[in-house]
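Per-chain numbering from 1; labels A, B, C and D assigned in written order.
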Amino acid sequence: MKAKIYVTPKKAVLDPQGKAVANALHSLGYAAVGDVHIGKYMEIELKTTDPAAARKQLEEMCHRILSNPVIEDYRFELES
Amino acid sequence: MKAKIYVTPKKAVLDPQGKAVANALHSLGYAAVGDVHIGKYMEIELKTTDPAAARKQLEEMCHRILSNPVIEDYRFELES
Amino acid sequence: MIEPNITPELIADHGITPEEFERIKGILGREPNFTELGIFSVMWSEHCSYKNSKPVLRTFPTKGPQILVGAGEENAGVTDIGDGWAISFKIESHNHPSAVEPFQGAATGVGGILRDIFTMGARPILCMNSLRFGPIDGNDEAARRNKRLFAGVVGGIAHYGNCVGVPTVGGEVYFDESYEGNPLLNAMCLGLLRHEQIARGAAKGVGNPVFYVGPATGRDGLAGAAFASRELTEESHEDRPAVQVGDPFMEKLVLEAVLELLQTDAVVGIQDMGAAGLTCSTCETASRAGTGIEIDLAKVPQREPGMTPYEIMLSESQERMLVIVQKGREAEVQRILDKWDLPWAEIGFVTDTGLMRVKNHGQVVAEIPAAKLANDAPVYYRESKEPSYFAKTRAWKLSDLPSLTDPQKVLPELLASPTVASKNWVYRQYDHMVQTRTVVCPGSDAAVVRLKLAPPPAKDRYLAITTDCNGAYCYLDPYTGGAIAVAEAARNIVCSGGRPLAVTDNLNFGNPMKPEIFFQVREAARGITAGCNTFGTPVTGGNVSFYNESPAGAIDPTPVIGMVGLIDDIAHITTQWFKNHGDAIILAGNAVDAADPYLGLGGSEYAKRLHHIKAGLPPHLDLATEKKLQDAVLALIRDGKIKSAHDCSEGGLAVALAECCISRHPARNTPALIGARVDLSAFANGTRLDALLFGEAQSRIVLSVAQESADAVVAQLQAAGVPAAVIGAVGGDALEIRTGASACKWSVNELYDAWWYSITRKMES
Amino acid sequence: MKFGIIQFPGSNCDLDKLWVLQDVFKQEARYLWHKDTDIGDLDCIVVPGGFSYGDYLRTGAIARFSPVMKAVADHAAKGKLVIGICNGFQILCEAGLLPGALLRNRSLQFRCEHVYVRIETQKSPFTCAARTHEIMRIPVAHGEGCYFADPSTIAELKKNDQILFRYVDASGKVVDTASPNGSIENIAGVCNKARNVCGMMPHPERASEEVLGSADGRVVWESILNHLRGVESVPESVLAGGH
């Protein structure tokens, strides 16, 4: 199975990177660009066939090491 | 509209971060974890209602600045 | 907007006692509203008001001819270094944020101290840091957590400092169980300025506009000052909004813009928004100038919709400044801010009312006498009581320590102890050379920087900088521990060729409401005072961090000393490693201190690491002896007689000798190792071998000199009243130490390997 | 000679470059602001290190769109000299003025230390004053210095003698452990095909004065000055005692 994980800065937390990119896009003339948020995208192979167990493990991995729950949110999708 | 952009390291490019995360997960006991790949995930608000124009702009932004074609691939989704 | 009612519970939640609440009512002549309660709670927190530490801080020596701006007057002190030049330096803690989110906690700690320095008008030219963590040995749950904190803190310091372009040139790291769950991050910054550039944080000139500079205010870091003034509990990890995210790029822009602004005389006052944010910066600037200030929160840039006045006033969003502008000169200021693409807003003006008046869309939401808010926090003379653990630690006898039979294995083990081991895993992550000032990079007793005052080849000036504190010593005897922190710092400066100039201090302790903790605070401060008086180094400022406790108890008392010294001539710059084969090795100071009942083994790394004992008394220190030693060694350095000088600290004489052999590191993976043959037989008679090799007796320096000047150097030291003897010679590819009948021999490769890679191995396992 | 040093928001080695050129080498040097479009007549442009635009997104990604970069490209197109150091190297790669890209160090950590770097060729304006296979002891300080290019680009670089600097051990051998970042073939610096644009990760300005522990980096500035003065190649005998 394959998991796709998205880690994004929490709403209330400063996202200086997103801001810098938004400014850069504006100055390049992309006036339609509004807010930009930048996070991480991860793909993880999982050698298991049990989606429920995989989900449980993923939830745990995201919380423990793949994201920093103090400043980031995460979500994931599981594909088989 | 909102665009979701995925930037991932090209196959031929080393992904030491992916490797480090895979190792960390193994040492925490997640034996089922196989390859890990890490890229960027961006969300961009677009103040436009024309999907075709938005796509064209996004394609350009991705190619010019949001990714570096020497080392990265990209893809995006557009939501309204 | 509905504000909560002021109930006793709400007051208690804000950390305000019923007596303090009465005092607030007295100042206002009425009950505070919710916003005002929040404002008082942060300004009267320990972090901002020093209410529990003021009586102690007042005992520090703070005066001296070199002091231009004294401790407590401004964001940081300013010290004269001659020819119209001055330095401004200060140390500050960010312990609790680092415990909860090590990377961002440490990063924003660096950001905060940088702002304290550049708001004085000084360009930051170096950073240092003093760190404490729980043990990183092994791989159990606790060790892994400690490693994660350690890696996060170091990564955060690197991220911020490297990006802003200020070199991190040194520091210290200790590992001990007492910091488990409550790591320490103390960051120090030093800046350079001309006398006439000293900027003030005062809101002078009625009618002058008040500018807000920097990114918009968010809900992050809400009430961080209050957070820092509480013990860490299991729930602290829910204190998440108190964690701020730093943006070093923004800081760099703010830094450049502020220094450019201060070049004009269009700015009358400036202060950063650090702890307690807008609240602290407005009331303190008004209070210093004896004026009032009026702002409208509607004009404050806001990152999120719907922020309340309470939230805006208490937010600790990073990289923001308050600038008081000369009326009529706004355009000039705006031009510079725009040049650096900095967000800014005019949010208010200086008044003559003495009040801090806060409006929101024109409606008054808080009105408090500024000076009373800033200065009239209650001051508490806390009760102090000798700690009961002394009974236990002092019941321990040196004879309880098994005698040492085989030193061969011990030395590599001590060198690999993370507290003693090379910190290259840490400092190679820091840019320590940007600004091309760093003459002695991390790895010697003190960092040395040149000031680049004069273009080459003209004569330049040099500073030596160090941070020091041994918490175990302070735990066993806070007075001696405090004095040793100062003495060791001065010794490190002297070993580098400098004369001690001034200090900054960071008092890290547990909960001062506990009499046994307050005893530690008071005694450590007394020790620091004694030390500073001895070396003529006034305290120019510092920081207090209390409530450093985890559920397992308080940290070892850790009063960190940051000391700066002046090196008068490039030729005086001295490093710790041996230079040439054939040079004579001299021990200045006593091999064993007979005045110490524990012979230097109380609180030693040897006792802790090999026998798991933290007991007895710390090494005995006689300040007059120490001063004599330092003066004599500095005189020799000035005479050009000394090739290397290294102070003996953790691990004692054997570790110091080993470090002299293995610490020179010209390039990646290419150490310059050099051996030595040492004979300590003359001191071995009737003394414990462990004390001779690994005892941490104070007032000792290992010197190397050309063979032909050895006798003269020994004579000169003795003439100055300093015990001295030639103990060996540099050369070969092994360190050999003879102690009477027995002798040990270690290849320098083996010692180097144990010492250099120890932390890397632990972090990568 | 006239040098221009670019200041991007977030540059932090700009002052060091000015110091080394103006105060150490006594050259005419001035800053160029990132918003400048007219840079006047310059002999050499220096793109300094630092964290332009915070290095957000990718190192150099945002800086390369600064107005001044158009002028840099024009300057380079005329065959005039451009040297990018550290972040400057990253920016020149992003701008397409140099081949390849710089990835995160393989250790995933920032690395600041002295390394040994071998000068691979004297056939460039940036190395023409060097002795054959001269080795410099010189500092690096970067988090993203791992040079990458696809195999055909690497082959091309070799064919054209465009690899100017490699990380080596103290004896001058190219070994894996000598590299602080994991670069392909230990590459520490390259030039473009026309040989007038150079990028390097090590910092010659941090090794240009004895007081800083090494003056080995002076050879880079001396090469540029020799080249500009028209002293194309100096006989080895003259250089033997040099630097």
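Convention: a contact is a pair of C-beta atoms (placed from the backbone, for glycine too) under 8 Å apart; a residue touches a chain by one contact, two chains touch by 3 or more.
Computed from a predicted model, the values in this text were never measured in an experiment.
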Of C-D and A-D, the pair with more C-beta contacts is C-D
Chain A and chain B have mean C-alpha positions lying a whole-number Å distance apart equal to 10
In whole angstrom, the CA-centroid distance of chain A from chain C equals 36
Within chain D, the set of residues that touch 2 or more other chains is 53-54, 56-57, 61-62, 65
So chain A residues touching two or more other chains come to 16, 20-21, 24, 28, 38
Multi-chain touching residues of chain C, meaning two or more other chains, are 247, 249-250
Inter-chain touches occur between A-B, A-C, A-D, B-D, C-D
Residue set of chain D touching chain A in the complex reads 53-54, 56-57, 61-62, 65
Chain D partner, complex, touching residues on chain A are 16-17, 20-21, 24, 27-28, 38
Listed in rising order, chain A residues that touch chain B in their complex are 6-8, 18, 21, 24-25, 28, 30, 32-48, 54, 57, 61, 64-66
Residue positions on chain C within touch of chain D in the complex are 155, 158, 162-165, 247-250, 252-253, 340-341, 427-436, 438-439, 441, 450, 452, 455-456, 460, 570, 666-670
Note: in the complex, chain D contacts chain B through residues 57-58, 61-62, 65, 93-94, 100-101, 103-108, 146, 148-150, 182
